[in-house]
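Written out below as structure tokens is the structure these notes cover.
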């Protein structure tokens, strides 16, 4: 087995056994890390693989969450049915945006701004949508269960943890397969030099659309999870641009285009954020804003000194 | 709907739009030449606003007078930022630039929070709440003066770029980077100069804006996004475009607010952005990129 | 700094985060106070915190009970609210108090219910929170519906007290969770409140993040209504008031049927005398209550340059939430969460500082009968003008600047 595979197996085993070693608080943090690892991985398909910078990924999380949450709220339809509808709708949405962008030759910063515009447009739109509760938010009926009710996705925090772990692991596997497949090679070609790829006869439009569709669909699943984990949705929060930025921080810090990057990035960022909070409490520095300044400085440092993210540097060390 | 209501709203929309345009002007100049995605643009304007309030609090300096020292300061700051910090990032991929400036923006916003606290600050000049009355039309004095500053600055910049040698050199860099280097232009210096000029625009915009809006640390991101929308709609690198874009956004939001639902008026700005990106990505007054 | 040094520093910080925070258990009540002390709600969070900080001292005197506060900041972010709540419980909080924001309240409620730890909500108006059938969640605050109903009733009282009969109102509201709930409520309640002499001639909603309300005020002015019925937040209230001056619009008055903003300290600081005479009908504390005087003394001791009246709502309800927890602890004589929750359920406090009937929870964990006051800005201080038994001044309506157009 290659070193990478060994590392992967060890990681998954550790995460699977984690609940036995830590308390509920750490578990909730771990669930959050896995959530960001998953969404980061999904975003990574579009950016790291196909080179399309999306700054409005919160759109798919939000639409996925509201669709699944909405039909549950109004008609009691469970999350498994909602899941397919959410994926279908988000894929469609992604394809529309992709079509508009690629057909009209929009790329780079312009594409990024286009994605922001769509997310913001949708945010304000949902603020006025009565069916989803408007700005007042949608509150899903919560049912406390100590047993795992997979059918309606209700249960103790442990269930949510393992679901997120399964999702993150699944995303990893899917991305691994994608990278090895024809799609992966075409994407690399497009990412490196789109014009050359086109000259070689690759239908860049089709492959870029595929990346967008996969990325959007995967992110939709995260949205559905979000809806049933948090049980209340507000357009102002879920479609917010800060959420889009949260999603991309992990992969960029961890390592764009790599498989371990998003997970590492998510872990580092969440633990860092928590660590800084603890440090500040310890020193009694209760100045508002100081935590985010630290956070920003670390971010800056990583971008400046580790431009390809932490994983490539770490991987070289571990000789993976 | 009474005619004077529509007239009042449209005039206010135009004036506000001109101030937005002034803010976007700086971004257009920077983005158009240096091609850096300055996601800390709004935050820079926020800093200018704070500087103006501090000058006012200390010596009762009117914002339109404070603009001179603040603009000078910002020129130096912008020049240094570009030369020292951003220059190495020009060759980096876009997402790297973006992340760099997002990090800078986070630091700026929270440093402001640490220094000034979350309290909103403002200036209280006597003409601030007064309006000129022309028949049934009421024109907000502060807004009018701010719009005037915007037009003046844009005109000055226009003259600079069209008539002076340095200005032409900068335009050359924007049009043809390689060619400019071949001709022997000191591109690094010119880039830094451009950033400095763009920063002056941001400073003037900040001084004007502080008459209209109270400043809080978190004001930045909203204006960054707005500036980008205006620049794209109006056209990259076009000064007239920035003002035009600003006015368009200002008026369309005002009219949308008047005839439809005020709380959804931002939707129209984003809708407009999407349309422009699709149908005329170079913006209304921009040149087509080869 | 070199890459290697940097990565080492990164690893060190990560390691520090993994160190657990151990405390020893002692027999007293540990109250986890979750408030937004940073982020956009930080003002209010700090205001609430003032009420929390003075609680242990006052409670020790009143009930002879030892209360230890464990403060946590959820940074105005719902995700953080959830993890902070988990954290507090893990560190041994016996009861949770907070958080001011409805979204955060919903998240914390789920955690509290899941872990079986009682959660006393100080301020949060979304009605759904006490409709989920929770056994461990309690709220000593009005729901949006109650706030509105009380607010509208007080408007009727105001008109009676000042002998005025306004016939029309323009309703402006901020388009967020709270504003929208109030708007819905108004369309539901107005037809039933036949004792109110006015009709709403236009409704204008606006974006809470709007920096410019020119269009909205123009529209409102053009509606030619007698007075402005206004549901707002702090920043937009300030912008609106200024815009009203610029556009020379002077209605009979500005009345809020129940929303934050116009009674907050920033409103006075930013507007000076322009803040005068704005009216907010909100849950408030009784200036004449015995407990109020005790709390006020403790407040002034800790905040000599501040006035309780600027933090009345926030500090008052936060203090009461902790009082409820302490009172339950005294009766339960135990920090076992289930026992505590049961004790909270049996609460019956008559000696309180906020307006209204005794603090008693119904089967949904909601206190009914919390009162509201008509609070008018007078001489840069929010002043209770109604109900008469809690008033410290007589209401002024219409405002002196009012001129019939």
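Quick notes
Should a chain be cited, it is by its letter among A, B and C, assigned in written order, with residues numbered from 1 in that chain.
Note that in this section a residue touches a chain if its C-beta (ideal position, glycine included) is under 8 Å from a C-beta of that chain, and two chains touch if they have at least 3 such contacts.
Nothing here was measured: the structure is a model prediction, and the numbers come from that model.
Between B-C and A-C, more C-beta contact pairs join the chains of A-C. Averaging Cα atoms per chain gives one point for each, and the point farthest from that of chain B is the centre of C.
The distance from the centre of chain A to the centre of chain B, with each centre set as the mean of the Cα atoms, comes to 32 Å. Chain A and chain C have CA centres that are 34 Å apart. Residue positions 42, 175, 207 of chain C are each in touch with at least two other chains. Shown for chain B are the residues in touch with two or more other chains, namely 118, 261, 263-264, 266.
Touching two or more other chains at once are residues 124, 127-128, 288-289, 291 of chain A. The touching residues of chain A, counted against chain C in their complex, run 23-25, 27-29, 32, 124, 127-128, 134-137, 139, 141-142, 144, 156-157, 230-232, 234, 236-237, 268, 271-272, 274-276, 278-279, 286, 288-289, 291, 298, 301-302, 305-306, 310, 313-314.
On chain A, the positions that touch chain B within their shared complex are 47, 53, 55, 100, 104-106, 108-110, 112-114, 116-118, 120-121, 124-125, 127-128, 241, 245, 248, 252, 256, 287-293, 295-297, 299-300, 303-304, 307. Listing the residues of chain B that touch chain A in their complex gives 37, 92, 94-96, 98-100, 102-107, 109-114, 117-118, 217, 221, 225, 228-229, 232, 261, 263-264, 266-267, 270-271, 273-274, 277-279, 281. On the chain C side of its complex with chain B, the touching residues are 40, 42-43, 175, 204-207, 209-212, 214-216, 218-219, 222, 235, 238-239, 242, 245-248, 266, 269-270. Touching chain A in their complex are the following residues of chain C: 1, 3, 6-7, 10, 13-14, 16-19, 21, 37-38, 42, 78-79, 82-83, 86-87, 89-90, 102-103, 106-107, 110-111, 113-115, 126, 128, 132, 175-177, 179-181, 184, 207.
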